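For reference, the structures are reproduced in the following blocks.
Heads up, the next two complexes both have chain A, just with different partners, chain B and then chain C.
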Partner chain A sequence: MTFPASLAAALALAVGFAVVAVVPAVLGARLEDPAPPGAGRWRRAGMAPWVRVARALGQRRAPTLAADRLLGAAAVVALPVVALLMVALLPLAGFRLADSAVGLVWFNALDVLVWALFWLIGWGPNSVYPLIGGYRFLAQAMSYELPLMFAITTPAVAAHSLRFADIVAAQHGLWFVVWMPVAFVVFCLGVVGFSLLPPLNHPAGVDIAGGVGGELTGLARLSVSAGRYLLLTAGSATAATMFLGGGAGPLLPAAVWLVVKTLAVACALVAVRTVVPTIRADRFVEVGWLVLIPATLLQLLLVSVLVGMGVLP
Partner chain B sequence: MGVRERITALALREVHVMLIERPGGALTRIAAERSLAARGWRVAGSAADADALLCCGEPGPELEPLVQALFVQLPRPRAEGRAQDPGEVAAALDQIAASLQSGDVAALPAQYQPAPAEHGDQPAAPDADTDMSDGDGDHTETAMDMDMGGDDMDHSDMDMDMGGMDMSGPGGIPLASGDQDRDGLEMDVLAVRLGPVLPAWPAGLVLSVTLAGDLISDCHADTLGLEAEGVLPLPVSRREQAALVADRISWLLLLAGARRAERRLRQVRDGLLDDAEIPWCTEQLRQLTRQVSRSLRWSLRDLGRIDQDAPQDAGGPLDWSGDVLDRLHRRLAGLSGMVAALADPAALRDAPDRASMTRAGLDLVCDAVCGLDLGAARLVIASIDIDLTGRIGSHPAAVSAGSGGSS
Partner chain C sequence: MVGVAFWVLAAVAVAGGAAVFVVDSMARATYALALSFVAVGIQVILLGLNYVGVIVVLMMVMEMAIMAVYMIMFMGMNPALMPMSMVHSRRWSLATAITVFAVLVVGIVLTPWPTRSGAPGADTTVELGRALMEGKMLVMIGVSAVLLTTMVAGLVIALPRGRYDRLGEDLHRRPPADPQPGGVGR
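The block that comes next holds the complex of A and B.
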């Protein structure tokens, strides 16, 4: 592609991706609405993303004393950018912005970058609660990241490749979620973890007045909350690509299937909050290291054996 | 309609309001929460998240400087309202909307005009006033110099040259000094005030804690706003009493992130205020109890265990023994009993004993949270029924003039 064509493609991808991310944001707003039934909650939730943009546009900054503006602002801006970069290497129905033989490693590198971003967002305001939130996020990330890494290794082993297109092709006939349900669930948990969604929202908890982003105002607050939903959508699109066959499906075009699968995963992950209460970071450490890591290792072993025996392609 | 007006009109659909509750103003705060929900507005979790402040109850001389210091931390445009009783909430919110719509960003409400803490967009410097008042602890990084004894001089070169408070840190805020936490690790130590304005926090309670990292290493309880002037009439009806009990239990569910359970309990609370059928309330509470033991067992079990006999020693009125989950179940059972008694005219004798918090009780709360991280401490505090309004008019000085912390 020529440079202008690439630029146009990148812009189209970013805009389309942001539009898709509005759906889980609307669902999230609906679930957070404290109004009793029959108060027009869905209509209000539909407007919520635009209302929040308007609120952010009309609000002036209220910086805290002696804030680390450079690092704080850099992290705030980088969060949605990282989410956009995550989808850059996904095979989107024949259309692909860029391709790489190590697409999985790219995804992994970006999701580790999220560690630094959330910690810096907590560090920036020079305030107690956001800093505590930042450290809570690190503890949480320590617990979901290793299982997440083993989980993304599993499809790579089955497909003999780190390239997303090869992983999609290897699922021809049977989606990987059937072979590796544990890896799929753990991957989704990781997505919930790095987008700070409930039940893994302890770093942004109400007990520390909003935690990691609690001191943000105006556009900075918007950037972080939008970034969280973009991360969720990027993670869901990756899950759909790695475990749910990507764009494969009958009748409808591949792009539509990918969007449908992405939204199904994203909305399911948003809805988890209605069932599971917040998991505190210190409790989640136990889960991550004592349950998730052994489970993903067993899953990886099982898949490796199947591949070795030639049961899997 | 210009672009600016359109944006303002859109933003007014979801105004975030920070609620400041004077002890005794709980019913007003509940009315405000319900009114906000009906409008599609939200309760703000912090000053930075808020478009407006709403004082629930007359602030009084102790809380007034705090309200002012908080107000100047709100991002502009900002507005402020006051409601003395539940009937004034709607008008106050309308006034907030009008004030935000007018976009008069420069003007402060009249009572704030002489406020010395206003420095344009900058938050106030940590002088005595704001230090006291920053309810959500956001700008209060007042370091405690913990190395006076000189026993840890070898740990940190930072400690070498200062004998007292170091005011040379960024923005005039003293740097955090170091001390050993419970595991013997060298941690930054911060003195932070929790309350009196925090989400899901007992009105009027202020805990001065020393944080080593996010672990509470020292704690001292105080009260604020319990002075006799301007005290609101206490709720008299038994339905209102039950609703207030339900309200305080719902804080624990909110902090634990149990959304459905919390919403259900708030519906019961609102139903109690709205003359809902007693059998409906009882059934909701029964389902809630089951729901809670299913979903919260893992996260609340073995947290904040208090010895069986400690509450009696401390003069506490209620049974605080067991862990957070035990206390939650006991309080839910107590609430069910209160609700059941509402349906029984024979039980109309006298209202159940109000929980009356004593100095010893507050010290026990402090003991229970020492050594816990902030998140666990918030759950433990919310698991104990702390109602300071029982002190109003009786012995207001007994609590606030108490001396000495715990540990």
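The block that comes next holds the complex of A and C.
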């Protein structure tokens, strides 16, 4: 592709991706609405993202004293950008922005970047609660990241490749979720973790007044909350690509299938909050290291043995 | 295009490295270093070593995110947003830095670098791995096991509390006495 063409493609991808991300945001707003049934909760939820944008544009900034504005602002701006970069290497139904043999590692590097960003968002305002939120996020990230890394290793072993296109091709006939369910679940948990969604929203918990983003106002607040849903959507699209066969499916075009699968994963992850309460970061640490890491390692071992014996794929 | 990218990234890497000693906050110093490393990682990608480059970015960002926490936790003064100098023994460090830099530059200039013979392979990561590891793979695998054992042993020795503190003299206390209860309920 020529440079203007690829720039236009990138812009189109970003806009389309943002539109898709509105759906889980609406669902999230609906599930957070405390109003009783019959009070127009869906209508209000449908308006919620736009109301938020309008409020962000109209709200007066409330900067804190002696804030580290450089680091804080950089992290706030970078969060949605990281989400957009995450989808840059996904094969989108014949259309591919960029092809790289290291797609999986690229995704991994970006989700590690989120560590730094959330800590910096907490650090920026020079305020106690956001800083506590930042520390909680790092403790939590230490616990979901290693299981997440083993979880993404599993499809790579099965496909003999780190390239997303090869991973999709290797799922021809049998989706990876069927024979690596543990990796899929742990990966989804990691996505919930780096999007700061419940039940892993302790760093942004109500007990510390909104935590990591508690002091944000106006556009900064909008950037972070939009960034969280963009991260969720990027993670869900990656999950659909790695475990649910990507764009594969009957009748409909591949792009539609990918969007459908992405939204199914994203909405399921948003809806987890209705059945699981927020897990405290200090408790989740032990869950991550004592339960999730061994589980993902066993999954990886099983898949490696099956692949080594030539049973699957 | 690649030439421009190289020089811009080189400038960012050097400026980020210098900023570590200029800024007056732990967090800024840490993330200036992270920025410098990210620029170096992208330089490695420009060399055609995509895997190594992305891994450099991944490792360095992770490392710096954790390092910031420890630096802020362990520093003698609370450097939160109080200005704090990032240098000490200024004269000696300057002398050391200038000497090392000069030696390295002289080394770079005087080394008879080989000219390229043949073209790089299709997968430069595999090529690099072979060049570094081939024939030494058994040693590397052995070393990795030894390293891991050392880390675990070091942690065990450093741990202020052992199982007798948690579970009592006869290891029968349930639930264990932990200052911080875990999530699994061991």
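We take it that the second predicted complex is superposed on the first by the 312 of 313 C-alpha atoms of A that agree within 3 Å, B and C clash if a C-alpha of one lies under 4 Å from a C-alpha of the other, contacts with A are read in each partner's own complex, and residues count from 1 in each chain.
Criterion: contacts are C-beta pairs under 8 Å (C-beta built on N, C-alpha and C of every residue); 3 or more make two chains touch, one makes a residue touch a chain.
Since the model is a prediction, treat every value here as computed from it, not as a measurement.
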Partner chain in contact with A:216 - chain B first, chain C second, else both or neither: first
Winner by number of chain A residues touched, once chain B and chain C are compared: B
Contacts of A:34 with chain B and chain C, given as first, second, both or neither: first
Contacts of A:102 with chain B and chain C, given as first, second, both or neither: second
Partner chain(s) touched by A:283 [first = chain B, second = chain C, both, neither]: both
Partner chain(s) touched by A:304 [first = chain B, second = chain C, both, neither]: neither
Chain B versus chain C as contact partner of A:62, first or second or both or neither: first
On chain A, positions contacted by chain B and by chain C: 66, 126, 135, 279-280, 282-283
Residues of chain C defined as touching chain A within the complex: 25, 27-28, 31, 34, 50-51, 54-55, 57-58, 61-62, 64-66, 68-69, 80-81, 123, 125, 180-184, 186
Parts of chain B lying in touch with chain A, wherever the complex brings them together: 4, 6-8, 10-11, 13-14, 33, 36-38, 40, 42-43, 45-49, 51, 73-77, 105, 121-123, 125-126, 136-141, 169-171, 173, 190, 192, 198-200, 211, 213-214, 254-261, 263, 266-267, 270, 295-296, 298-299, 373-376, 378-379
Footprint of chain B on chain A - complex, ascending: 31, 33-36, 39-40, 44, 47-48, 50-52, 54-55, 57-66, 125-129, 132, 135-136, 198-199, 201-202, 205-210, 214-218, 221, 273-283
Parts of chain A lying in touch with chain C, wherever the complex brings them together: 66-68, 70-71, 100-102, 105-106, 108-109, 112-113, 115-116, 119-120, 123, 126, 135, 138, 141-142, 145, 162, 279-280, 282-287, 290-291
